[in-house]
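All remarks here apply to the structure that follows.
Order as written gives the chain letters A, B and C; numbering starts at 1 within each chain.
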Amino acid sequence: MKLTVRELAKRLGCPYEGDGELEISGCSSLEGGRAGAGDLVFLAPSQTASQARLRPLLEATAAGAAILPPGEAFDRLPVIRSENPHLAFIRAVEIFHRPFRPAPGVHPTAAVSPTAKLAPGVSIGALSVVGDEAEIGPGTVIFPLVSIYPRVRIGADCLLHSGVVVREDVRIGDRVVLHNGVSVGADGYGYLRGPDGGHLKIPQVGTVVIEDDVEIGANSAVDRAALGETVIRKGAKIDDLVMVAHNVEVGENALLVAQVGIGGSSKIGRGAILGGQVGVPDHIDIGEGAIAAAKSGITNDIPAGGFVSGSPHLDVRVWRKFWAAAPQLYGLLKEFKRLRARVEELEAELARLKNS
Amino acid sequence: MKLTVRELAKRLGCPYEGDGELEISGCSSLEGGRAGAGDLVFLAPSQTASQARLRPLLEATAAGAAILPPGEAFDRLPVIRSENPHLAFIRAVEIFHRPFRPAPGVHPTAAVSPTAKLAPGVSIGALSVVGDEAEIGPGTVIFPLVSIYPRVRIGADCLLHSGVVVREDVRIGDRVVLHNGVSVGADGYGYLRGPDGGHLKIPQVGTVVIEDDVEIGANSAVDRAALGETVIRKGAKIDDLVMVAHNVEVGENALLVAQVGIGGSSKIGRGAILGGQVGVPDHIDIGEGAIAAAKSGITNDIPAGGFVSGSPHLDVRVWRKFWAAAPQLYGLLKEFKRLRARVEELEAELARLKNS
Amino acid sequence: MKLTVRELAKRLGCPYEGDGELEISGCSSLEGGRAGAGDLVFLAPSQTASQARLRPLLEATAAGAAILPPGEAFDRLPVIRSENPHLAFIRAVEIFHRPFRPAPGVHPTAAVSPTAKLAPGVSIGALSVVGDEAEIGPGTVIFPLVSIYPRVRIGADCLLHSGVVVREDVRIGDRVVLHNGVSVGADGYGYLRGPDGGHLKIPQVGTVVIEDDVEIGANSAVDRAALGETVIRKGAKIDDLVMVAHNVEVGENALLVAQVGIGGSSKIGRGAILGGQVGVPDHIDIGEGAIAAAKSGITNDIPAGGFVSGSPHLDVRVWRKFWAAAPQLYGLLKEFKRLRARVEELEAELARLKNS
């Protein structure tokens, strides 16, 4: 696939400057120095330090053309201008780099129940299993080696990659992407302690509902509710190796970075962001738009808009002050003892002075 | 499935009050407000704050009937009385909500070795693999897309969900449940450092033994021993995304909450509880009934009955005091400097006084 | 498989002492007390406390023979002498304990694309999938239920265990071992925030390169680059449930212990060691040979040879001092108030004295 700068600018709906006949065949990052003569790069408006850091890479790049914001002076290469260079670049990436998608149809080695309902345009990969009365919406791609248990409902234009397992009765919306090895609907972790120290299983007979436009990363697990539903609301994005326990509700557009763990019945607010390896215990309420920095260990509810860090979590300002001070604690203990000795000496001297 | 309150009470072996002819068709939680007219709810004896919080939900519920402890005054709905309402409720859930279980038999697409031994009543799902000389006990269900390596022995009435892999020679007891994507018996992580900085693999030729009534959550991994056995003792319950390294022994009825990691050759005592994301290094001994709060980073042995928190872990009382004090450290450093200046001033004044 | 001590010593290229005709049939660890009459054990040179701890186990062992360093006095059993007893023991383990390896050939139930290229001696297990134009090198074993997407290239003598998924275009070197459930090449986690609070997916169209002699533990995930490559350099060893994000570079011979998470575009230096559950955010540079203790939460670059611990990470010496002092903070706050009161008393007394 090759496009001239002129053709590409037209498809992106953007103006261009310089040699419009130069041919572009791919996209590359300024970082890493991998861009070649046929590559397109971009630079976002240099408001941030990280962007400012990239400008010298633009000067040095071997790329063929660049997408730049209107104000950015540069004429060594053809330039496509965009108010939002990153967005225009994403569109260009989508033009040049088509990810692998299997053709529609059911592979002859797949084991599809005769009572499953497959919409037109569905692709069922080799050696995948679709259980009784499962329903799969139009355009959805089930890659090879996926297991769909009975009565699962999956919407339109979803991607379920190899190794995904969806347990019985789970409901999945449209345009949901489940990466390799994702488990949806496994039993939650609930037991009643018996008199002998043993654990009686609390039946996990609820389900999971995944709304539209959710993406879940490789080897993550979203457990079914004990009763009722575990819910991932629309637009939430979940990274790899994340654990979402039974009866959790993850809010619309929330972000759960890799290896986050959320305990049973907790609620993650709309647009909240949990950094990597954050842990949330059972029955916690994280407010709308709240942020927990990576590795936070949440110990109680976070109000809407809160920003916390640490384990146990602290308001991020308190946390920063604490850790700025922490390396001085060891010295402080020593100095404190010295000061106390000085005070004792003062007390003694004063006593001597009074008695003299 | 519908039962009258009278029939249900009889099956639960409990007395009831109110309209015994009311029909119940399912179970629901008081929390979440999802209960409908055909639902049964329950309330445990209100000894705890969380139970007290649920009582108003009972007043407001749209459920059809409730299981309550003997003392709990309530006559708006039919009531089934039980000394242990949660236990009675679990029995009711088991009556109304039967989880999906495939029928016995070997699916024609499964690849079962002719030398494998399948007991009567075994179910082998579509596209599952059972290796040479593997033995599977009566009533065990192998869901679709499970891989059983050669010479594995699995007991009776186990459930192995899609995506489970059991490596060669692993031995699994009765009534064991392995959820989606569980890996049992992968190589442990052991290397000998070579003179060139490279790592020589230490062969991992031991195995894993999982005793009766163990449950392991989605995408967890229990590695085989280098030599000898990694052992999960009976009744231990392991949550999702937990990592149990080579040669570990997890004690009877121990609980490992999600994302716990246990290093090689460590020993987790009987009935011990490791909270979510706890990390235990190599060669550590966690005593019987010990508790490590979520996110603890264990640094040395924990005695039986110990209760620790934090990373590095502290006795939980020390940990609580430390974190109660921690936010004051930053201010303390400032105040300390001020106090030291005052002491210096005092010293100077006293010297002047003595010299005057 | 049985060998006399004489035959075994010869195969190991080592001298022996005592009864050379004694038969050995396996290897065992001194720890755990499992060794029997036909077992070989070893003891490394007793420079460390842990080795010193093992010497009494040697006295008591029921093993048949031992590999010992030259200086170690012991004549109760036949002894094979080696300057590096652990290395010689590993060689013996490899002689007696052959791990299961399926025979070469393509299982009739595997779904191999007609355009895939399989080298001689390849084994493709039951119900595995090999996509279009994938290439698999000589001697490589694909166990059952593995999914290889199109255009993947895998070198010689690799092992891909059940549950492994390798996404399109990934390149894997020679002698690479991927344990159960490993995901290689799933999409990285990258989004552009939209004006409505939604997240626009940044296409993840790069790939993953895994060099020679890499081993990756069960259920770990290595994500493909947004553009360019995520790279695992030769000899790196990755434990279970580790997450390597897009565009990361893991250096030669680096060690990533279980449940480590590495954020996008970070670089782990040659021979660096990240302990269990360490978290590294995006765009971090960990220097050559640096060490992060278990559970470290890295907050900025670590220089070559650095050794850090804690979250936020501190130089390990500072971290040790801090945590030695930390349990005293609570008491210090109380004592500080008492001291301040004493200073105030002194100030008052001095004022009285001056005024008198």
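By definition in this document, a contact is a pair of C-beta atoms (placed from the backbone, for glycine too) under 8 Å apart; a residue touches a chain by one contact, two chains touch by 3 or more.
Quick caveat: nothing in here was measured; it's all calculated off a predicted structure.
Engineer: Determine how many degrees of rotation, between 0 and 180 and to the nearest 5, align the Cα atoms of chain A with the equivalent atoms in chain C.
Structural biologist: The best-fit rotation has an angle of 120 degrees.
Engineer: Interface overlap for chain B and chain C, more than half of numbers shared or less than half: same or different?
Structural biologist: Mostly different residues.
Engineer: Once you find the CA centre of chain B and the CA centre of chain C, what distance in Å lies between them?
Structural biologist: Here the centre of chain C sits 25 Å away from the centre of chain B.
Engineer: Could you list the positions in chain C whose residues touch two or more of the other chains?
Structural biologist: Residues 109, 127, 145, 163, 181, 219, 241, 259, 277, 311, 326, 329, 332, 336, 339, 343, 346, 350, 353 of chain C touch two or more partner chains.
Engineer: In the complex, go through chain A and note every residue touching chain C.
Structural biologist: 27-29, 31-32, 34, 50, 86-87, 90, 93-94, 97, 99-100, 107, 109, 125-127, 143-145, 161-163, 177, 179-181, 213, 215, 217-219, 235, 237, 239-241, 252-253, 255, 257-259, 270-271, 275-277, 294-295, 310-311, 323, 326-327, 329-330, 332-333, 336, 339-340, 343, 346-347, 350, 353-354
Engineer: For the complex, give me every residue of chain C touching chain A.
Structural biologist: Spelled out, the residues of chain C in touch with chain A are 109, 111, 127, 129, 145, 147, 149-151, 163, 165, 167-169, 181, 183, 186-187, 189, 191-192, 197-205, 219-221, 223, 226-228, 241, 243, 245, 247, 259, 261, 263, 265, 277, 279, 281, 283, 297, 311-312, 314, 318, 321-322, 324-326, 328-329, 332, 335-336, 339, 342-343, 346, 349-350, 353.
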